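Both of the next two complexes hold subunit A, though its partner changes from subunit B to subunit C.
Here is the complex of A and B:
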């Protein structure tokens, strides 16, 4: 493995053009990842036709590098402005933005930079060591029933984040789950809740909903404060997290690497579920559950470690089996095909050079996040010094473009503003915005896998629970819910006496 | 054993390539190598609305055709992916776009089946003008090559019948889809009950068969070519009137006593019926001639789309759509669906 890695590295750094493409991918991924709604997918779609004129190794390597740095890029805007660059950065905003409001933006961004790099590098190392056996293990042992159980397990704990009370947290998740049902049912394709609007047949897209609930509602909140003369600009603090602070989070990092890697390796799942699950597990294991959603650095660390850990893992089913884990890895299939190649077991025998250059490039791209990220942070934090009356229209403009650009539908812009207004009102009443977003994203993934899983076990719940992974996750999730209920009743009882 | 598998896979790949090239005795049906632009049309880039994502089958065919037409005519084509709702969102957006010939639509047979189920939805043969259908393919049933419970169609049917409805097959079984309708034909004719599991994305669908989460897979050969080449999947039934050369060892549904007209998967390009006639004529030439471009032919060959005749000009496309719609409608009524 080490010899192959060195050969891949020398091929990467030995050829000036390949190196230039690598640098372009690193910077382009970070930049596009940071622009809300635009995301690394837009860059990849723009570049796709041009990869035909590159060698297959350069083309696939470029996309792999964009995947690594683009996944990190969205964390910066999530932390500084409450605008996640992509759905996989949404949980980063849960605690990252409250940290910015408290004047801890430097710590939050520093933690995101470092943990994205750690998650990505760890994932790249495992990818290099055991791509083929891991891919085969995943598809044999994890199917739709297990993915639903995983989503249920994640929802059970994370549902309490951000609400003024547990009940409000759960109701927020419930609202998100209801929103997720708009469109078509994921199995039969039957229209539901689209009220005759054909554009709604595709459901509520993640990006406009996230931009609305996070960015637009935040602008309304700050605008209200400004109107009442209570607005205070967040203090800009360049202080990075200390070694001691980071060392305290070592278990959170390790746990998030495992969670992110596990989610990333599942075909069709990818980094979004990884980030939410990583965050959920941070809440589950924390002794200070109430501090999540209010600026706990562990929330940022867990989400960013997990989503970058998913990048290397998502390459495993792609390269070993030809099964892409998400939209960007699906585009990588097109890059392979443009060069008469197919990702899958044969690519290891037919193109080992390509594989090891890609592995090496992903490893170094994740390392670059660390160095470039630190430099980038020192400049980007100054954006916070822009007065609110100038910053707010800029954010609104970016969010509007980001909402529209994905599908080119005015409906998505309307959804963004509606989400902003609803989010503003719900926040005033103590409901949880992270909970709603969690419900929307995990609801879609969960429902589809629940329906498929039920079909696979012929609607027999005992058969479903006879699958060991399902049984463990469902029981653990149910216990978590029961414990939450117990706590909620206890709190109600205490406040009424 | 591993070597044997690899050799077997290599042999299959070679046979596929030989078969595909022998079926590809290609002759371009559009003789004119150039055509004057009517009144200067188009004097700017065309927009191609694609109702599916860029990485799927539609996205790829749209990209290949756009490249071919641009290389032929020098006119750029911007692809606008409006995915969602099984093609509904893209179709709605296209019907709302100006009918000036600058917007074209990529769509698949789902547009025909959607109209068959609900006649208020656009009929691709009358509300649109097909410029060209550039991919036509058939479906097959696949199993894992290392499967030990059954190894051909007959043993598969016997095994499924013994499971009392507990056998599973992965496909895209949306209500009224080509896959679900064809599976109804098959299960009725072979007296078996099988649970269809709908996966809307390819990767989880193929992963489900590879990992043994399901027992079989319904798919088109071009989409699973890499798994055929690698020796992971093997077809046990071809749903087509005759055995295509590359699959000469796979029985057809007709040979197995299933007498239904196979439904084909087809992808093509359309323009609004109200677009000016001279512009439509130029677009027909550009897209039909684009089909003949080397780059497009290479793409189709790679995608297994030269195994049977993939080309339909406007008249051929209308005939194909018009024969498909009543067929769907008939079976929808049999399935008890609300045909509007």
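Here is the complex of A and C:
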């Protein structure tokens, strides 16, 4: 492994063009992740056609690097503006933004930098050491029933955080799931809920929906505050977390690495669910549950470690099985196909150079998060000093471009603004925006795998439960839902109106 | 009839959700056709979700009947500003909020006929004004800065295709901007 890693590293740093592409990917991912309104997906969508003129190694490496650094970059906007750069950063905002409001933005961003780097590097090391055995394990033990069970568990966890009550948490996830049914059904290709728009046959594109629910709704919330004369700029603070503060979170980091890696390795799941489950587990194991959502640094650490730990793991099903784990890895499949390559087990034998350059690039990209991130943080915190009336049009326009570029449809821009208005209304009534977004992302994956799983077990639900991984996840999900229901009926309430 | 802690706003909220569930359920009959290889067809999954939504909407109404808008103790991930604000805003504030909600939508609708290149400066000015900025120099300066920055990043550096409009003279303006970009790209600056 070490020999291959050194060979990959020398190929990466030995060729000036490959190195320049690596640096571009690192900076581009961080920048597009950290600009409110656009994300790494916007950059990837723009760059996709240009990869045809690169070698396959350079093209795949560029996207892998953007994936690593973009996943971290999205945490910055989540923490500073309550606008997650990507869905995988949504749980980061739960505690990161309250920290910013308390004048602790430096600590939150510092923790995100360090933990993203730790999660990413750990994941890259495991990926290098164990891609082939893990892929074999996944082939033997993970099928559609297990993926559906994980989606079920993930949605159960998502509904337990974010809404004002458990009912609103579930309603948010349900809304996301019903939005995900718009477009063709995944089995028979029958049009559903297209309201007469042929462009909706492919469904609601999730980039505009995410931008609308997160970025646009946040602008509307701030606009309402301005209109009521209640807007206050958050205080800027450059203080980083101390070594002692971070050392106290060592178990949270380790737990999140495991959660992130497990979620990342499963095809179709990716970093978003990892972040939610990392956050959910942090709450479950914490002695100070009430402090979550009010500015607990453990919330930022758990979510950011888990989502970056999932980036390396998500490459395993992509490279070993040819199954993408999310939107960006799906674009990587397109890069492979542009060069007449198919990701899958044969890539390891036909193109070992490509694999090890990509592995080395991901390792160094995660490491660079630490160094560039610390330098970048102090500059980025100054964004908080820009008056919001000047930042708002820029964010709205970047979001407009970000949602238009994906498919070149003005309809997507309208969907984004409609999602923004709906998100604004729902937030005012205590619904969970991250819950809606997770429902949208996982809805189709859940339905597709449920259908395939049911066909596999000949519609015998008990057969589902005879599979150990599936059983554990279904039981865990059911217990999460049951405990939520129990709390809804038994617990006291914080305030009554 | 005693309504517990239920307020009119809770009832309206509940009715909107229930209507949504009913409308979507009725719409499922538009694609209620069998799929040969899949027993539950195209309607199975959406109908189960609608059933769950119906259950949780009724649960939410029951919860509001007992506790009103109270936040459930132990819930995590709720920012203070996501808490319900019971202060009724003034009429001016309501007009401003409605204008902020409507302006981006109007901008999106104008993209197809007018195009990104022409509509964008007006949109930037509108949003800055709606957010309360009144200093003309700042408004014009920031508008020019944001417009130039976006054109440089997405048109010059990334060559991203943006809506050009399909109505003259807006389309002609977009064509002019793109022609300028082509000429700029052909300059041998290095």
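Just so we're on the same page, the second predicted complex is superposed on the first by the 365 of 497 C-alpha atoms of A that agree within 3 Å, B and C clash if a C-alpha of one lies under 4 Å from a C-alpha of the other, contacts with A are read in each partner's own complex, and residues count from 1 in each chain.
In this section, a contact is a pair of C-beta atoms (placed from the backbone, for glycine too) under 8 Å apart; a residue touches a chain by one contact, two chains touch by 3 or more.
In this text the structure is predicted, and so the values were computed from the model without any measurement.
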item: Which partner reaches more residues of subunit A (counting touched residues only), subunit B or subunit C; value: C
item: First, second, both or neither for A:254, with subunit B first and subunit C second; value: neither
item: First (subunit B), second (subunit C), both or neither touched by A:188; value: both
item: Touched partner set for A:20, first subunit B, second subunit C, both or neither; value: neither
item: First, second, both or neither for A:461, with subunit B first and subunit C second; value: neither
item: First, second, both or neither for A:334, with subunit B first and subunit C second; value: first
item: First (subunit B), second (subunit C), both or neither touched by A:414; value: second
item: Contacts of A:479 with subunit B and subunit C, given as first, second, both or neither; value: neither
item: Touching partner for A:375 - first (subunit B), second (subunit C), both, neither; value: neither
item: First, second, both or neither for A:289, with subunit B first and subunit C second; value: second
item: Intersection of the subunit A residues that touch subunit B with those that touch subunit C; value: 187-188, 190-191, 408, 451, 455
item: Parts of subunit B lying in touch with subunit A, wherever the complex brings them together; value: 6, 9, 53-56, 59-60, 63, 67, 80-86, 88-89, 91-93, 165-166, 168, 173-177, 195-201, 203-204, 206-208, 210-214, 225-227, 229-230, 232, 302
item: Partner subunit B, residues of subunit A touching it in the complex; value: 45, 48-49, 136, 138-144, 183-184, 186-191, 198-199, 201-203, 267-268, 317, 321-325, 327, 330-331, 333-334, 337, 340, 342-346, 349, 407-409, 448, 451-452, 455-456, 458
item: Residue numbers on subunit C that touch subunit A, as the complex places them; value: 5, 7, 13, 17, 24, 27-28, 31, 33, 35, 37-42, 45-46, 49-50, 52-53, 56-57, 59-60, 63, 67-87, 89-90, 92-94, 96-97, 100-101, 104-105, 107-109, 111-112, 116, 120, 123-124, 127-128, 130-133, 138, 142-143, 146, 149-150, 154, 158, 160-163
item: Parts of subunit A lying in touch with subunit C, wherever the complex brings them together; value: 46, 82, 91, 94, 97-98, 101, 161-171, 174-175, 177-178, 181, 185, 187-188, 190-193, 216, 219-221, 223-228, 279, 283, 289-290, 292-294, 299, 387-390, 392-394, 396-398, 400-401, 404-405, 408, 410, 413-414, 416-418, 420-421, 424, 427-430, 432, 434, 447, 450-451, 454-455, 459, 487-488, 491-497
